[in-house]
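Each chain carries a letter (A, B, C, D and E) given by its place in the written order, and its residues are counted from 1.
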Amino acid sequence: MFYREAGDFKTSYQEDSQTFPIKFDRYGFYVALAVAFLIIPLVINDYLANALLLPFLIYAIAAIGLNILTGYAGQVSLGTGGFMAVGAYAVYKLMTAFPEVSMFVHVLLAGGITAAVGVLFGLPSLRIKGFYLAVATLAAQFFLVWVFNRVPWFYNYSASGQISAPERDVMGIIITGPNAPAWAAYLFCLIFLTACALVARNLTRGSVGRTWMAIRDMDIAAEIIGVDPLKAKLTAFAVSSFFIGISGALFFALYLGAVEVGEAFGIQKSFLVLFMVIIGGLGSIFGSFAGAAFLVLLPVVLKVFGADWLGWPTDIVAHLQLVIVGALITMFLILEPHGLAQLWRVAKEKLRLWPFPY
Amino acid sequence: DLVFPSLSYRTGPFAAGGIPFADGYADYFTMLNERDGGIGGVPVRVIECETGYNTEKGVECYEATKNEGSLLYQPLSTGITYQLIPKVTADGIPLHTMGYGRTSAAYGKVFKWVFNYPANYWNGASGAINHILELNDGDIAGKKITLLYHNSAYGKEPIRTLEELSKKHGFELSLLPVDSPGQEQKSQWLQIRRDRPDYVLFWGWGVMNQVAIQEAANIRFPMENFIGIWWSGAEPDVLPAGEGAHGYKALTFTATGDDFPVFDDIKKYVIDAGKAAGNGDKLGTVQYNRAVYAAMLAAEAVRKAQEIHGVADINAAQMRDGMEALVITKERMAELGMEGFGPTFEVSCENHGGPGLVGVSQWDAKAQKWNLISDFKPTDGEVIGALIEEDAMAYAKEHNIELRDCN
Amino acid sequence: MLDASQDGYITEDGRRIGGVVMEMKNITLRFGGVVAIKDISFDIREGEIRAIIGPNGAGKSSMLNVISGFYVPQEGEIWFRGERRPPMKPYEVARQGIARTFQNIALFEGMSVLDNVMTGRLTHMKSGLFQQALWKGKAEEEEVANREVVEHIIDFLEIQHIRKTPVARLPYGLKKRVELARALAAEPKLLLLDEPMAGMNVEEKEDMSRFILDVNDEFGTTIALIEHDMGVVMDLSDRVVVMDYGKKIGDGTPDEVRNNQEVIDAYLGVSHD
Amino acid sequence: MPEQLIFSIEVFLNGLMAGVLYSLVALGFVLIYKASGIFNYAQGVMALFAAMTLVGIMDGQVPFSHLINATFGTDVHHFGWQLPALLSILLTAGVMVLLAWAVHHFVMRHLVGQEPIILFMATIGLAYFLEGFADLMWGSEIKTLDVGLPQGLNETIDEVTYNIFGYGFFIDNLDIVATVIAALLVVALVLFSQYTKHGRAMRAVADDHQAALSVGINLDFIWVMVWSVAGFVALVAGIIWGAKSGVQFSLSLIALKALPVLMLGGFTSIPGAIVGGLIIGVGEKLFEFWVGPLVGGATENWFAYVLALIFLVFRPQGLFGEKIIERV
Amino acid sequence: MLDAANTTDTQVETLLDINNIEVIYNHVILVLKGVSLSVPKGGITALLGGNGAGKTTTLKAVSNLLHSERGEVTKGSIYYRGQKVQDLDPAELVRMGVIQVMEGRHCFEHLTVEENLLTGFYTRKGSRAEMERDLEMVYTYFPRLKERRRSQAGYTSGGEQQMVAIGRALMSRPETILLDEPSMGLAPQLVEEIFEIVRDLNEKEGVSFLLAEQNTNVALRFAHYGYILENGRVVMDGPAAELRENPDVKEFYLGMSEEGRKSFRDVRSYRRRKRWLS
């Protein structure tokens, strides 16, 4: 038996509620961390960073954020793009206003500002539920984008309304702008992602996480057994927006470097992140990673395969890519509506039982 | 070989403009390869990469192609241009945004790697006002001019210049943004009906063009007072409105029609040979022609670079030198089979934007063709120059860029 | 009638029942035109098992919903522990020490049994968002302390073996038991049970009865319970309220109720004994 | 009459007309939602697909020609025929039925009973697929659609109002046609869902799949039927929007215009879709017209959503939505 | 219609025949581990057993409603009137005369009571008049429904919803009704009432029933034959009268000890559960 949890006994409740209760998983996690922090920075290049790794890390943060709101607290949101925009513009204003302050601080503050905005737009969730709420969050999406497009103060009165990230450093290492080395930007994002994932995991395994899930699974019952729905929903909006704000800030400052709000943070972005969450698995942090990886990789792989290897015309490849991505998404949903995370869980269950079925 | 990535968009909301442009760009290089065996004996390789007009994909395309020995980027999108400006500057690859992108990139002292000759959006704005001035014998004080624009970086570009010009000439400017993609413009046109502006200037792209022209025809706005930028004046924009579009004007920095020898060569060596990038039915249309022009400018810069550095297989830095030393003369255009197709100009270290000569074309619905009704004329360099310098300096300050010494 | 003096009474099997914990005075509840509860008054005493019975649609569940603050009656007063209760949100009521189970199981299907029962402890957990985010200090201590309480209840209800199972996979009877566990985890002063034994067979009903009696015995919890199985009601409860069409048609000891002709006509059909 | 008032009336009327167009798209949503609880995001792309197919059939385009040419090195483009509009519309309707069947058979059938959000995501996947598929099939160039619908200023209204107010109102002929068509469609659909056996079965399916199965309702049939009807509604929407702004990608984005309409009207109500559409049409046009210039314009995108949001805060199930039955 | 005594009589035609079926949910959860039973024409056959024994699963296996729950019959066979019915879809079974009344009532909340009933007519080819007639028939069995015909089913009480569910099934003119826990959550007199109606339908209309029940007491009073299911296996079966007298059944399912029914209060310690198999 390859994967074991039998014989892995816990002697205290602390141990039982730790992040990776099973030894095998725990070691896997350490190995992954070591590779991510020690090995990848050595081999990284611009293409890897800009086409794959940065978007993956950044989207994973957004996906964790949305997963908290949608997967754990059950509030479907289509406003992710708008909230990412808040993070991006917040960090832009901060970076340009206080150039000497560390980017760490700016990004965190941007998250905080987004959290506040998130709470504001989360208020209607008290009355509006399910899909109606999903569509209501679109109001946030469109309104925020419009505001950033409209109010010149946000883009420092630049002629075109674009914002672009000036060069900033962390302890002397440049991490934004074109001169930032790939490994530095990568590590910066990775640190945020790791921290976000750990915080998310801590929140979801404790009482806050349980209030969220209770609201998700049956809000009336939750309220009757003592969950304050206002507090539960608003903390979910706040925490979720905090993460999404961070990801928006990184998306702008480290990944794209220049942003046009309607284009970069439009409704498509909201859908994309929601997809990541769903393909990855609602209510699973691991799923957020898996979903982000899948949807960042897939188009690139398809493109490289179609255009570069088979040499097909780019438009056919682009069309086929839509067809394939669409088909794969639906296929995934059909095969495993609970996402990659569930697939992984089932695989583990099978492994555990192997070679004896049932 | 000489590598030219083509960041094109044959899908998505702006495919209508993206397809002919991508075709023209590729076909011209194919023609050079077939006819001349490349440029200076070195074959040209075009790498097409689909962006869908999407900035993220644009960045991905850039990163994927930049290590292929790419000489020049033309993303055909103001949005992508903004992402690429810092990147090409860091990587040392020239970027040519012909008639789009960041206007102040014309300021070569700050934007070493970016070029936007022969004309930019501020030239466009000024050119349109000049045309109106001409129609009104130089006095447009008190006239009402409305700018109907794509609510994006692209559409907002002319605002600053128009504001300056309205101060200078005393016309009243009002702004009407339309959100992308712009299929619904009813309110904007009802507003135009109410305000009765004397002229409507128009910065649109994609479906927005077609709808605007249709709506203008619907409310019977006098078409000759409706003037679009060069990206809003192609065949697919006017055809759907039929007769109604007759008289609509669009600015341009290229000639119209396929009456130039270069197109015969393209037909002969590319389309008839079955080597066309697309269906081959776009030749002679506005955007196709403009792409041929863009490709021609690139090829000329290569020649210049080969001349300067004495190597045939040039690199990106050499390409940049070629672009900065580019001189387009009447004679050279004639040699290329494109006499009078575009303005003549010179690029310099300070000025990456060319002279900003702008012409006006008008749609003839009966003949179904665009006619050039005004030659390529200079625009208000005084106003524009000052604005460009101001904006470029602000950028330099924000990004800690040291001015180049151009002497 | 029993001697309902201020300080309670002694039951047949010798348990001491205390003073009035909860008193409903002239409650009326309407939904649009439907009058679900019509001017009903009754009380619940400390330590007693109080049953509410009546035909389907009589308004029993609505009454529990009124007690737990989910429905707000148009008229009437609610007195809890000697004070008139101001209008309250359901979660505030829960924090006062009133827990309940639901007629149609309302477990959190996406969570494990353990997590479900832990949600019952929410009213006892105080650590803030930041502490939890870092999983330091109070957050962890609290988690462990409450986990111990919960484990005790899990042992008590004999659901150790399914601790980590997602509740969605459990059979009905176990779900009911988990729901009871969740309510108990709150260590309520007053426990409301809405048809805890619906859909169970005799054996399971016996178990459930045992649990209910033990809760009452061991923790001294006051219990109000709705049930259709007359055997259970008659055996377990100290006093019974009978409702019909929103009105109260009987109130008293099981024996009194069982022999009340109005109750027989409206509800029992035949006399049960 | 004061000029401002006259302008407002004109904008109001145009808003009504625009609203009807939104309703038309929203209708397709409502149908599918009612019958299967699926929030069909692909409705917009279906309109695009329908319109492209219609143009393709009319102009005798060879489907997948680009793909065929690229793989086999051939050079086929057109069959060289030009079919009459009506026949093409019928053929396209047939294609939409086929599409309905395929969507159901390959996708939705396997997702029965999943949570709404999963279904929603599946339809977004479907939207991607269909968009790529439509482009592969017919090419992504912009196309003009002309089935002979009148377009442009309506002279009669212009004249009549000019005589009355001294100002000729602008009403687009196309909008008038759209209004009539939409009205007919709505009446037909309401009658169908309230008074026929299949309509009733459709509503039953919406409430409880399992129970519907248990009484012998053939879910597959109902769903294919509903998707077909929605496909037909999409075709109508595609024709009208296509005539307005050409047949191209952006047509699929009209879905986004329909969402606030649905929210406002209630996801399950056919009359709601209409009234919601009208309120939003009028609201956003008037707002853009009067308030837009003060705040810099381009408010239409968000105004509809914000308006719907405000409505929802007071009526969480939308204006006409079925009351959410909340009991424990 | 059928006497409890002669259910074992071979004369009687067997309608439904389930042979050794196995059901798996989600590809991993094995729920039925070989269940065999048969339902004779004109009888009321009860399927008894505790929670999670697999009663509902058995019924759904017959009516083919398992698919929508990711369940699957992996072994064994099911015959109705000698025809293999495993691969039919539920609608075809309804047309053959087998209809299920689901556990937990499952009314169409937003349809009116009458519309709910009419959905039962969906598979019938009958005329309008026939439909009206059947509707009347249902209303005579359930006069209460006639009063509430115009109200939305979502707002009717539990008992009424149960009636709607049964009435709806009757509208398809079934030969066999698979009735899942009709007594759940109903007040005692309603339980009696519903079972009386079941008996009426059985005797007057000749409808056969396969009845899943927890309430062993009532079920054995009205049924002719019973199967006891535990843990996905049939552990005992026999004529209802015999089962009623079986000491084990008495103790575990009827809650009686030698001295008659004992009080719930007196069960002082949890009994070690005795299982036939587990």
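The working rule: contacts are C-beta pairs under 8 Å (C-beta built on N, C-alpha and C of every residue); 3 or more make two chains touch, one makes a residue touch a chain.
Please read these numbers as outputs of a predicted model, since none were measured by experiment.
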| item | value |
| --- | --- |
| Of all other chains, the one whose Cα centre sits farthest from chain C | B |
| Maximum inter-chain contact count - chain pair | A-D |
| Centre distance in Å when chain A and chain E are each reduced to the mean of their C-alpha atoms | 49 |
| Geometric centre distance via CA averages, chain C-chain B, whole Å | 75 |
| Centroid spacing, where centroids are CA-atom means, of chain A and chain B in whole angstrom | 37 |
| Rounded Å distance between chain A and chain D, as computed from the means of their C-alpha atoms | 32 |
| Residue numbers of chain A (touch at least two other chains) | 146, 149, 220-221, 224, 313, 315, 318-319, 322 |
| Shared interface positions of chain E, touching two or more other chains | 155 |
| Of all residues in chain C, the ones touching two or more other chains | 70, 102-104, 106 |
| Chain C residues touching chain E - in the complex, by the definition given at the top | 13, 34, 54-57, 103-104, 158, 169-174, 195, 198-207, 209-210, 213, 228-232, 235-236, 267-270, 272 |
| Complex contact set, residues of chain A against chain C | 12-14, 16-17, 199, 202-203, 205-208, 210-211, 213-214, 216-218, 220-229, 235, 239, 283 |
| Chain D residues within the chain A interface of the complex | 39, 66-67, 70, 107, 110-111, 114-118, 120-122, 124-133, 135-136, 140, 256, 259-260, 262-263, 267, 295-296, 298-299, 301-302, 305-306, 308-309, 312-313, 316-318, 324, 326, 328 |
| Of chain D, residues touching chain E in the complex | 112-113, 197, 200-201, 203-204, 206-218, 220, 322, 325 |
| Residues on chain E engaged by chain C in the complex (per definition of touch) | 29, 48-52, 104, 155-160, 181, 184-192, 214-217, 252-255, 261, 263-265, 267-271, 273 |
